[in-house]
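Once you scroll down, you'll see the structures, which are given as structure tokens.
Shared between the two complexes below is chain A, which has chain B as its partner in the first and chain C in the second.
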Partner chain A sequence: MHAPISFGRLSRIITAVALSTVLLTSSVFAARPHASTVNLTMYFPIGVAGPLNSLMTRLVADFNDTHPDIHVNPVFAGDYVSASAKAQAGISAGSPPDVAVLLAADLFSFTDEHAVLPLDKYFTKKELADYWPAFLANGRLHGHIYSIPFQRSTPVLYYNKAMFSAAHIKKAPSTWAQLAKDAQKLTQRDSSGNVTRYGVEFPSDGTVYWMWEGLVLETGQKLFNSTGTKVYFNSPGAVKATNFLIDLSHKYHAMASGVLPWGGAPTDFTGGKVAMIYHSTGSLSAILAAAKFPVGVAFMPKDKTYGAPTGGGSLYVFKGIPASHVKASVTFIKWMTSPVRAAQWSIETGYVAVRKSAFKTHAMKVFAKQNPQVLVARNQLKYAQAELATHQDQQIHQFIDDQLDAAISGQSPTKTALQTAQQESNQILSQFGK
Partner chain B sequence: MTTESTAEPLLDDDPGEAPAGIAPGSAADLATTRPAPTRAGVSLWSRLLRQGTANVLLLAAAVFWLIPLLWSIAASLEGPVQITADGWGWLPTHPTGVNFVNAWNDGNFSIYLVNTVIIVAGIILVQGVTVSLAGYAFARFDFAGKRLLFTLYLLQIMVPVTALVLPNYQTMSSLHLIDTKWAIMLPYFASGFGTFLMRQAFRGVPPELEDAAILDGAAWWQTVRYVYLPLTRPSLAAFALVSIAFHWNDFFWPLIATNSSSNRPISVGLALLTASQESGTQWNLIMAGVVIVVLPLLIVFLIFQRAFINSFARSGIK
Partner chain C sequence: MATRATGSRNRYGNPFLPYFLLAPSLAVLALFTFWPAIHVGWLSLYRNNLASNGPHFTGLTNFATILDDPQFRTVLFNTLEFVVGTAVPSMALGLTMALLLNRQRILSPLYRVAFFYPTLVPMVGAATAWAFIYTPGYGLMDRVLHLWGGGSLNPLGDPKLALPALIALSIWRMSGYLMIFFLAGLQSVPTDVQEAARVDGAAYPTILRRIIIPLLGPTFVFVVIIAIVNTAQLVDQLYVTTGGGPNNATNLLLWDIYQQTFSFQDQGIAATMTVVLVGALLICAALNAFLLDRRTHYDD
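Moving on, here comes the complex of A and B:
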């Protein structure tokens, strides 16, 4: 009963490998590029599926090739939460990155630590006016702009045109009432009454607060104040929005009940399991590529008004870096968000191009001709507003996400749940003054 | 500790072996090394029945554990057909290797795999030395403040690793080690859990054996190397398994501590595929990534399985 490889031999193998470790890692202090060039470190998260890492590497390489005096080193930093944590770690050790793409809604986490620079003075009024106001909104604080929109999205309503014409519905619903009615019509049951296809799906796991904010805005209710010190989670509008979601499942029986997964919604839609989904523009490319039917994109239907949040990441520049780095960072940001690059980034990822003039570029005109859906998201931006952003936003997001899940899954009544989220948030936000 | 073992004098395992909760060891314990009160009168049937039940239960557990793995492999082989909540069966309808090619390229795995092996091997080698020596000191030496120091070691087990990310980062930054493999490894060179495990194991070794070795003129390190370590292999193996699996999977700290692809492990490569907060999830691609990450560890375990299980089974003091 001899083991083919003994424990002793195993440990010798491990030793050999580990010794080579030491030899290999002794070359860690690799030489940095030339002293005359400014070396920038940029952290970036990935927010949409697809080969975003190689796209970002390619884009930055283009920049480096055309700017011999600047070298940007792009560093993948996980998702938005870990990217933020990585930046925070750098700040706490006095070695922040120069530039980072971070959640636009995380503004207060960085301004509270005095860690980011206002950028408005490096841009002309005309330049700033070219960015969509809804995207700039999350960067605004005390008359300054702290972040420049880069990978930004907004939720829209996707609908299956084939199912719509089969059900003799002529156009996408534009109001809540119409949505409920159409969704009921589009829901199919088999002979024994089991649902085989739902009319609509509003994913509600994870960061449900994001799309839910759109519903609240549609009731005419704002969700937070501009200085990030107040939230209105228990407002009548918020209650109405939450009840609308619950009604879709329990009153109209047109949506699966319970908490529905965000990641599965696009595949449910392209797989024909559901006729309409609320989802981010970030999934547009994936949906168009996978769907075997004509895909329609519409505004999120309105209650009193149209409304939608914006989401995604913006470019921040950090305090404590040399002046030459700040200058180079601004050059880099302007290049990355130039009309041509903004159009390219949008076309290849599904994010909404962050500038108005990007839609006038040749590439975008050609793309929009083939995919008119991208223009819907652009047009909806007129009604879009900043994503829920407060001091300690990650905690506040957690409070409201948990309570919304409790309400949607039926664990607690809507009013109680929202009241709880409000009280928890008040406790945190009360430290931050009026 | 030794007082408890009087109930089962034949069970030669040291009491410190259990905490790791390693499936093969504990399962073997349950199934075989506890013959129960086999008085002469107990029939063969009841023994067979008991063993049969145990086998069925273990088999069910094994299948249960296998499901996610099998699903991952099946999904990773699936073609462009969409995987939906209920619209996808178990067998790939359009088998293809394209997901692996895409995952391999998108996830930068060729570099990351090498890095991971270097990092994990580096950590485990140093840990092997530090936890054995520290465990030996706690088990056999008397010194001032021993209890306090040991309590501090135990406390370290209770501190969640994520809470240490910021202080560790600051330390590594002041040592100018950020963005090196050292930054990933250094905070793990000592292990409270490993020290605790080895201390318990060493305490299960009869002191007479050490006395005999000393009489024969062995130096302290010789008694550790030739008396203690051979007798406590199961504990060391258990710790190695847990530690290797942990560091193979560890994502957050390497992500924070390093920037360059040349220093980052495989878990970061997997994250390149899974980060899709703002869009739908590409299950096929992610599962191909998962298989790439899991497979090396699985193969290593299958190769060394005999060695590991033997070291558990042969824990007897002869």
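Moving on, here comes the complex of A and C:
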């Protein structure tokens, strides 16, 4: 038996229960995203561990905190190839990611699949003008812009200042001829004639086409057309660039011969095995951290003109997602590439900040004062052009990489090799030529 | 055989019981092995790449295309060289190590572990270590060559040396694994027969040739197929070393399939190459089963 409860007491209990329910539920809901929150999936090409991963996690958390109506879920999707593969799988299954950082040069692969949205209408002219044109170039097609630069790089010439002054060379070489001469001077041999130190190294395994494009551009030759249907691999400029590389080993004896590994070049350089290397700006932080000598950074030396390709990943937005997701994705992209974030990403990773105003931020000014090398890469962007991008670009890259390997390792003469790559590419590209 | 079912009924009573019991594994096999194999055969009949704007039925055109492609022929030849070049020496080494370590000596267990350990190292780690050995200039191999007054080699960057360099790495990794099977096989070779032969004055080479190796027959059948299938599937080392280069000198069939699928997005060609690979492996397995297995002496 219960004691009878007075009305007053009952109402107090009800109020208390009601109040605590409201408080409880509200605190539960507060922990979750808002009911009208847009959930975005972003693919980012990195493994699950490492500094880039933690930086991206921090940035996304910052974005989510400051944008209560958008929630971005980053998916760390391996390297560029696996991230692309995952995005492709999503597209085929009808559930594409909303945003992804994928290779800028893969543009045609995505447009051929009708997988990505043009983004230019979401940006003002002024906003777009703030991104470096050389970086935007790989996103341009048929008057639209399909990708916004995010983690972009460009190759530069690294040189060992201590070795330079020991050899009485005052400044970094600015021409091919000067480079060959300096490299010869910097090459050292022991008493029995074995080379103990080479003058220069131009890595040539894997994606050698990338830096090689820089050499071709320096001869004043373009490597492909803007609609991605033609390549100029057998052009005189391409032949000249390839022969220059071969001459560094076989005529000037200032570079190791054969195909040299990309990953080994920074180690060779910081270990004092070579005086100069061509490498990506992306390696700057690692080289500065490992080198026990003053590191100089210079433009890729010129032939007729300065020239360099750009490389790396840009942000794409995918077709087939709701309008609210497109809008939220654009907000996210603008935030991620805002001057402050672009500067932060550049400082912490070594990629070149993708927009001009990033170099006017306080953080970047302070950083550039300590590391003036970052400004060299920026200044070279004036001469930089789009990375080799065509329809079916991965296969075209493979053709030219294979034949460059063949030429560099002495398997076939330069002209034959480049002619082969040209024919193989023509065969593929003719399917797209309109 | 010890038990034999009489008539149509087995001793469990229900004739469907064995099928019922096998059904779960059959279902899994069908879903994850048979169906994909059939499906890939179907896909190989379609042109489906970035230029095709969706799949188009083309019959056997894809097969004609790849057979006509000099690069594919290079890849096939590389794969053959890699599989034979790895499997045969690995089996020889594995058998030698097993014969040496079969006798109980104080240090045998230690040596067994030492020889088996390369198998335990993940391929990516092993390949990274070997990439360092092969580094021109200051890699381990060049250091040793230098001590003996030799010049510098760049095996992974030289089209003639790259595949042999990767074969060496694969032999190092594979032979310890095959040794384990030979060791297990040797345990079942009866010692009394060997002792009888020894009493009759047979020397070790004769015992090896006339008794041990014939009695290892079933092990050989197993090891041959394991060695071929495993080497045909080894591509991790390419990922960390040459990426198939220089100029396709180390491009192997499975690597090519991976590239066609994920880099070039040519699903039709990738499926066609897969049919070739699966077909070749099936033929190997069948030849092995019908030729070698029939001549093999099983002692129980």
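Simple rule for what comes next: the second predicted complex is superposed on the first by the 393 of 434 C-alpha atoms of A that agree within 3 Å, B and C clash if a C-alpha of one lies under 4 Å from a C-alpha of the other, contacts with A are read in each partner's own complex, and residues count from 1 in each chain.
One rule holds for everything that comes next: a contact is a pair of C-beta atoms (placed from the backbone, for glycine too) under 8 Å apart; a residue touches a chain by one contact, two chains touch by 3 or more.
Quick caveat, the model's predicted, so the values are computed rather than measured.
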Partner touching more residues of chain A, whether chain B or chain C: B
Which of chain B and chain C A:Thr270 touches, first, second, both or neither: first
First, second, both or neither for A:Ala85, with chain B first and chain C second: both
First, second, both or neither for A:Pro45, with chain B first and chain C second: first
Contacts of A:Phe76 with chain B and chain C, given as first, second, both or neither: first
Which superposed partner A:Gln431 touches (first chain B, second chain C, both, neither): second
Touched partner set for A:Ser95, first chain B, second chain C, both or neither: first
Touched partner set for A:Gln411, first chain B, second chain C, both or neither: second
Partner chain(s) touched by A:Gly143 [first = chain B, second = chain C, both, neither]: neither
Touching partner for A:Val259 - first (chain B), second (chain C), both, neither: second
Where chain A meets both chain C and chain B, residue numbers: 82, 85, 88, 206, 261, 264, 268, 271, 273
For the chain A and chain B complex, residues of the former touching the latter: 1, 3-7, 10-11, 14-15, 17-18, 20-22, 24-25, 28-30, 41, 45-54, 73, 75-80, 82, 85-86, 88-90, 92-95, 153, 206-207, 261, 263-268, 270-271, 273, 279-280, 282-283, 286-287, 290, 311-312, 350-351
Residue numbers on chain B that touch chain A, as the complex places them: 80, 82-87, 102, 105-106, 108, 117-119, 121-122, 124-126, 128, 165-166, 169-170, 173-174, 178-182, 233, 237, 251-252, 255-256, 259-260, 262-263, 268, 271-273, 275-283, 285, 303-304, 306-308, 310-311
Of chain C, residues touching chain A in the complex: 49-51, 53, 71, 131, 135-138, 146, 151-152, 154, 156-159, 242-243, 245-248, 259, 261-266
Residue numbers on chain A that touch chain C, as the complex places them: 81-82, 84-85, 88, 108-109, 112-113, 194-195, 204-206, 256-261, 264, 268, 271, 273, 391-392, 394-395, 398, 401-403, 405-406, 408-409, 411, 428, 431-432
